[in-house]
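Chain naming follows the written order as A, B, C and D, and within any one chain the residues start at number 1.
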Amino acid sequence: MSLSTLRVRFAETDQMGVAHHSSYVVWLELARVDWLRERGLSYKQMEADGISLAVSELNVQYRSSVSFDDEVSIESQLTEARSRRFCFSYCIRQGDRIVALATTVHTPVDGSGRAIRLPVQWFEKLQAAARLQTR
Amino acid sequence: MSLSTLRVRFAETDQMGVAHHSSYVVWLELARVDWLRERGLSYKQMEADGISLAVSELNVQYRSSVSFDDEVSIESQLTEARSRRFCFSYCIRQGDRIVALATTVHTPVDGSGRAIRLPVQWFEKLQAAARLQTR
Amino acid sequence: MSLSTLRVRFAETDQMGVAHHSSYVVWLELARVDWLRERGLSYKQMEADGISLAVSELNVQYRSSVSFDDEVSIESQLTEARSRRFCFSYCIRQGDRIVALATTVHTPVDGSGRAIRLPVQWFEKLQAAARLQTR
Amino acid sequence: MSLSTLRVRFAETDQMGVAHHSSYVVWLELARVDWLRERGLSYKQMEADGISLAVSELNVQYRSSVSFDDEVSIESQLTEARSRRFCFSYCIRQGDRIVALATTVHTPVDGSGRAIRLPVQWFEKLQAAARLQTR
């Protein structure tokens, strides 16, 4: 489990006066990158190595809204790690209140966007990170 | 069924060289608004009446990527219309190629964000529109 | 001169109930790409050739606001075309009302972001386009 | 002077592989809000009081680019404070390197977007904050 925090930006609000639902999708990405970083894995380096974890599925359940300047926390965890498929789950909170629950599924792709098996050096690091997480 | 078209903006791409997955979420919204407009229903007017169709669930299956300047089409349809719950489904295409499939669930809320029963004048219009669609 | 039109997206609004000022910056980019396209120049192709017109200066004067679903038009024109410097100016309107005036300055850069002289084949096309414009 | 820091989000990059120039505009806003907060002024509260500091002018000079996951700092300061006009200036840096210089001009507006004189209780707080800054 990893915990990210952020503050809702004014630009992320819409005319309903709350954070637009597409902003949450950006926050999930930020939480994934933090999850990797906290385990010594740099998504920037992965991209530099020509590998991306393309999003193949996205599910979000919006429970309540958040407003400009609110502090939001995101719990994220890796729930599946295979060489061709990675899954993350997330819980977005404001204080104790659950704002949204989400899951994403990822496919490793190469620089030209073709689905690949995650190269072994990255795969082993991710699996080790996943094991650490569950202990 | 309603058909929206758009061209991928440069700002919507990311460093993978394709449209960022959060952009699709914005496109779905645009398609919903078009769906309503084509049936004589103005989402702008609905908001002016103090009613929003807040997104309570979002599901996207990403099948393939699209690039800057690509023309994308989005088929959208209302699949459920109750006074407290509306569902839309979408198919995003580039030419014949399916780019993504998506569904959204919506809850009518008032100006302060509280879930409401959709006022009858709007509900009847939406149901009439839904009937027209299925004929 | 080139004319682009667009409709303000819901996601582009903020809690002031109007299009967020950063959205205009995205619209200017879209107008530049249209300007090029109307003259037979594909910015997508330029990027595929490893050349980008990086923004080095941006000036926007916001005169009035625009709301969700408003139709907006953008007049754009190339005002300077040198091998290392390109300038565009823009007028954003809603109907007859001027919404914003803007200028951008661009530097040609290569794939690694280094400033370059625009390759001659592209430079000649741009200059020819600029001449056409002023006739 | 106030100092904000942020990390470039993946969603903020474009296909040139660097942060899109419109992202900087969002960062400036975030820096303004921080400037106010550090002086005990809540922009959220100002908005709740029905007052916004609408952007009337924006100038950005882009000096160099920043990449995904880079840490960026933004120095911001209030440079002019009149009842109908506020100016901020900014310096965006990555480490010691200047990434961009920017200025914004703001007009106080009421909830319906009409230009107003900033109410005296807010104006005095802002002027006191501006004085503190220059000491």
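Following the convention adopted for this analysis, a contact is a pair of C-beta atoms (placed from the backbone, for glycine too) under 8 Å apart; a residue touches a chain by one contact, two chains touch by 3 or more.
Source: prediction; values computed, not measured.
Asks: Of the chain pairs A-B and A-C, which one is connected by the greater count of C-beta contacts?
Replies: When A-C is set beside A-B, the one with more contacts is A-B.
Asks: If you average the CA coordinates per chain, which chain's centre is most distant from that of chain A?
Replies: It is C whose centre lies farthest from that of chain A.
Asks: Would you mind pulling out the distance in Å between where the CA atoms of chain A average out and where those of chain C do?
Replies: Centres of chain A and chain C (C-alpha means) sit 33 Å apart.
Asks: Approximately how many whole Å separate the CA-defined centres of chain B and chain C?
Replies: From the centre of chain B to the centre of chain C is 28 Å.
Asks: Could you please state the distance in Å, as a whole number, between where the Cα atoms of chain A are centred and where those of chain B are centred?
Replies: Centres of chain A and chain B (C-alpha means) sit 24 Å apart.
Asks: For chain B, give me the residues that contact two or more of the other chains.
Replies: 10-11, 15-18, 22, 25-26, 29, 47, 67-68
Asks: Contact residues on chain A for chain B in the complex?
Replies: Residues 15-18, 21-22, 25-26, 29, 47, 52, 54-62, 65, 109, 113 of chain A touch chain B in their complex.
Asks: Quick one: which bits of chain A touch chain D in the complex? Just the residue numbers, please.
Replies: 9-11, 25-26, 29-30, 33, 42-44, 47, 67-69
Asks: Give every residue of chain B touching chain D within the complex, in rising order.
Replies: Listed in rising order, the residues of chain B that touch chain D are 10-11, 13-18, 20, 22, 67-68.
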